[in-house]
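Note that chain A is present in both complexes that follow, paired respectively with chain B and with chain C.
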Partner chain A sequence: MFDRDVVVVGGGPAGIAAATALSQRGFDVELVDQRAQLGGAIYRQPIAGARPVKQSRFAARRWQHLHAAIQHAAVTYRFSSVFVGVDGHGNTLIEDRNQGRLVSVRARAVVIAVGAVEKVIPRPGWDLPGVVTAGGLQVMMKETGTAPQGRVLLAGNGPLLIAVAAQMAALGNAPVAIIESGNPMAINGNGLGLLPHAELLADALGYLSGIVRHRISWRRGTELIALDRAGSQLAAELRHADGRRETLLIDQVALHDGIRSNNFGLPADQAGTTTMPFITRAGDCREALGAIASQLDGMRAAADVAAYLSRKPNDAAASLDGIARQRAAQAVLATMFAPIAGPPRLTALPDETIVCRCERRRLQDLKLLLGGTGALSGREIKHNGRFTMGACQGRFCADNSARIACELNPGSPLVASDLTGSRWPVRPLPISALLGDEPAHHDQSARDQ
Partner chain B sequence: MTERSFLWNDQPIAFRDGESIAAALAAANVRDLGPDLLGQPARYFCGIGACQACLVSVDGVLREACLTPARAGLAITPAGARHV
Partner chain C sequence: MVSTSSLSVIIIGCGIVGASTAYFLARAGVQVEILDAIEPAAQATGSADGAVSVASKRPGPVMNAALAGIALYRELAVQGLFEGAFKSRSTFVLASSPVEREVLEAHAAVLRSVGVRVEMLTSTDLRARFAPLSDAVIMGLEVFDEGHAIGYQIVHRLLSAAPVNVRRNCRVESFLRDGNGRVTGVVTNHGPMLADAVVVASGNGSADLLGIPDVLIARKGQLLVTERAPALNAAMPGAIMSGRYLISKGMQAGTALASDRGYGTVVDPLATGQFLIGGTREDSGEKATNDAEAVAEVLRRAVEMVPGLAGVRLLRAFAGIRTAVIDSKPLIGRVPDADNVYVATGFEGDGICLGPVTGKAISQLVLDRSVDLDLAPFSPARFAQLGVAA
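After this line comes the complex of A and B, so read on.
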């Protein structure tokens, strides 16, 4: 009654590691990815003839090993296909864009490895064209082998900004500056915590040397507080640590305030039954700890699935040790990069700041909604205020809306999932994919390698 | 129109094999992909299909420009074009 042993959703490090390990153990594995190639965001591959972006020796080697291993495994691929959810009958639903329709696969186990999304703190003007995320700018560089055009500013928080700056410089267009709200170079010993993590340290030093060599201005303790149109350009207003203001004219700006799990709407982990699949999340969508941990967690997920399918003892212990080390390393980085002005107070933003980009709901709308009869539930904020209601399904406003609600009503704490809830479809899909016949049977387009 | 171009608002946009619609439009310096379904500017933002800010109409179907490979002959318009 099952079509497949395992469906793995996502072709990044977690999904590749899980699919490879399960295929090597003799299970019938289908890997689904929304794009036409493996790699995910972190290992996005260049198009034919494009110059690969600068990356660390360790990262390049990790990708080579992952890719070689899955090339030798008998995995079936379903590319250009978006995971929709697992329905109440245990069917894994996939929008197969090659077929232009919904496909239903009955799998004994499902590994969900849909990665991370970037955290972006709202600022006035962050919805304008020319404003992208730093990760979005980076995957575009990885794909095309060309740097973004014009005067580009990178702003926000965290080590990704340095990596993107070094990669832009290597492709011939260094950013105007990096605006960093933390000060990781402060002499307080925090960085020493990275010493046991050789690969991360080497990555960091490699990108830092690029910053120095290209004389990129890395303005630590500085915040980008607003963006506005200025003719065909953007005006970026900066606030320095001493309170001084400065305006830069730029063509594009890339924002980034960390990453978080892309766990929106995902089914919960569950034990399998005779009709329902065993479900486990793997990698950044379980816990956002980066590429090394994701690969290990893919192996952990494979061990869990194999133990379930073959009724043998689990051998995930080694992966769990490695993941714990990555968790410690990420904690060190978070301390090093802590914003020097403390966590931003979102209720102090100008009232007209857009919080929900999809539905164009503003801070003043949320203040008005919450200012009346006291605290509202997350669902009321969503259904009455339309926050997290739009096409991104809360991926770029749920955290921020929940934080604003907490600042306004500290006695009634909310988290993102209180607003978004959890239900499929995990992503919007065209009505045309749902119309017509019953969902197609699984094997019409997935191709064996 | 050459073999390796698609139409954006009836204008030919060249692309390289394997490139996304978003990458080809960015190379042509097209940043405003709107109007979106609310009549506002649409734009490339997250690059991984999560934010839905780059939704465009590809031969009549709404697709993320950042995920969808460019193909010769596609007719691409803003998502909200038919509503304005």
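After this line comes the complex of A and C, so read on.
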């Protein structure tokens, strides 16, 4: 009654590692990715004719190994296809954009490896045209081999900003500046924690040397507090550590405040039954620890799935040790990059700041909603405030809305998934994709390789 | 008349019926506490299609109650409580086959006979009024003066407008009774709670409390919401309902057209520019999940009537479990073996329409005032086993 042993969603490091390992163990694996080729966000490959962006030596080698391994495995691919969810009957639903229709696969197990989501803290004006995310910008550069044009500002928090700046510079348009709320260069010995993590350290030094070489202004301990229109440009208002204000005129700003795990609407991990598949999330979408950990967590997921399918003991222990090391490294980075003004307090933003861009809901709307009867559940905030109700289905506002709710009602902590719930479609689905005679059942349209 | 200032009432269930009852009681000065096993609008109210409508009803007590229900929505919208939360519009019942046309013509006559304002529309009339409709539609029946309200929004309005305390995650396990057997409150997972009167409005959760597991039926419905499509939305002068919907509700005896999933197509253009599309009426399926088979069938039928929907994206699918009564009439009234316990449940798909008017009626019963609504047809006494002594 099953079409496949395993559907793996996502062709980044976690998905490739899981699909390869499961295929090597003899299971029938289908890998689904929304792009036309493997890579995910971290190893995004250039489109035809574009020149590849320079990567660190370690990253390039990791990709070569991953890619070579899956080439030797008998994995079936379904590209240009988006995971829609697992329905109440246990069907794994995939929107196949090549065919323009919904495909329903009965799989015994599903590995969801859709990667991290970028954190972006709301700021006044963050909904203006010309505001993008740094992670999005980076993926675009990897795909096209060109840097964005004009005066570009990078702002927020975390090591990704330096990497993007170095890559932009290498492609010929260095950013105007990097606005960084932390101060990772402060001499307090924090960075020494990276010494045992040679690959991360080498990556960091590589990007830092790029910044120095191109004389990019890295303004540490500085915050971007507001954006406004200024003719055809944007005015970015900065606040330095000493309280001094400064305004920069720019064409584009790329925001980034770190990455986080992704469970927006995705089905929860579950043990399989006779009708429902075994489901596990893997990689950055489970816990955002970066590419090395993701690959290891893909192995871990493969071990869990194999143990379930073959009813044999689990052999994920080695992967778990490696993941723990990456967790420690990420903790060092988080300490190094901790904002010097302390963790951002979203309730201190101006009341008219947009929190939910799709539905144009403001901070004051959320304060008003939560000021009345006290603590509300995530579902009530969603329904009565329309936060996370829009077309992005919470990707840009669920985490921020939950954090604001926590600041207002510390006694009733909420997380993003309390607002988004778990449901399908996890992304808006063209109705036309459902209009065949019946949801297309598993077919031979996926490419066996 | 009872002095209301010292009266305390516990309401079990914070759906639209419980919240409405609480609102009217609290406004009369009664101390009201709502206990909900989950939270406000967590079950059927939170996943209802929101129709405030008689378009698919046959004459009888439920129709009369629904007409009173619509009138109350209008009144409360004018007063401000439901302002902006009740969208006034017509419902267009559409026929796409000779069988449906027959059902529709008969239904129009029936609605007219009880004073509902309706108009039959030929396919030419429809083309003029309702550009997005498919050529497959051969006749329409416009039912005027209907509307739409979103259940959880109404509950939020009611709870925000009156001094009502809501206890979330509070599950009622049994009634608390004194030595004489008189109900003095309820026993919950948080311990016993005292009250002068208790109102049971907990949908399918009412069955065990009142000893009527065989009287109530859990009936699942699946519903869909699209993204915003402002131009298409603006071109629709009201909600549409397939003539097949009447058939799925068993309006035409002996028909074999109704499937076991109980498909009946409703497309409601929402105030946000989105569309609400329904739905199913499933006796099986206790779990509020959506399946691709049903969702695809619902959408196929909707696109048959409004082809432009094919170019819109589905944003959300959700499901709810209605509470139906085996004789298709709700249970509203005093529980026969207790003079201070009341029940209001079993509205099936009419809870949003009937919730406020039922809440008002129950409040009048509790306060021993004259009741606006004729509750005799809904008397709980028609089921001998119903009671607190279960």
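One rule holds in what follows: the second predicted complex is superposed on the first by the 447 of 449 C-alpha atoms of A that agree within 3 Å, B and C clash if a C-alpha of one lies under 4 Å from a C-alpha of the other, contacts with A are read in each partner's own complex, and residues count from 1 in each chain.
Everything below uses one rule, namely that a residue touches a chain if its C-beta (ideal position, glycine included) is under 8 Å from a C-beta of that chain, and two chains touch if they have at least 3 such contacts.
Keep in mind it's a predicted model, so treat the numbers as computed, not measured.
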item: Chain B versus chain C as contact partner of A:Pro428, first or second or both or neither; value: both
item: Chain B versus chain C as contact partner of A:Pro148, first or second or both or neither; value: first
item: Which superposed partner A:Asp284 touches (first chain B, second chain C, both, neither); value: neither
item: Partner chain in contact with A:Ala391 - chain B first, chain C second, else both or neither; value: both
item: Partner chain(s) touched by A:Asp96 [first = chain B, second = chain C, both, neither]; value: neither
item: Chain B versus chain C as contact partner of A:Glu180, first or second or both or neither; value: neither
item: Which of chain B and chain C A:Gly88 touches, first, second, both or neither; value: second
item: Chain B versus chain C, judged by how many residues of chain A each one touches; value: B
item: Which superposed partner A:His383 touches (first chain B, second chain C, both, neither); value: second
item: Which of chain B and chain C A:Thr133 touches, first, second, both or neither; value: first
item: Chain A residues contacted in one complex by chain B, in the other by chain C; value: 391, 428, 430, 432
item: Residues of chain A defined as touching chain B within the complex; value: 34-36, 41, 47-50, 80, 82, 97, 100, 115, 117-118, 127-133, 135-140, 143-144, 146, 148-149, 252, 262, 357-360, 390-392, 395-396, 427-428, 430, 432
item: Partner chain A, residues of chain C touching it in the complex; value: 39-42, 46, 152-153, 156, 159-160, 166, 168, 226-228, 285, 287, 289-293, 295-296, 299-300, 303, 309-319
item: In the complex, chain B residues that touch chain A; value: 16-20, 22-23, 26-27, 29, 31-34, 38, 40-53, 55, 61-63, 66-69
item: Residue ranges of chain A touching chain C (in the complex, touch as defined); value: 87-89, 91, 93, 102, 104, 372-373, 377, 379-380, 383-384, 391, 393, 423-425, 428-432, 434-436, 438-439
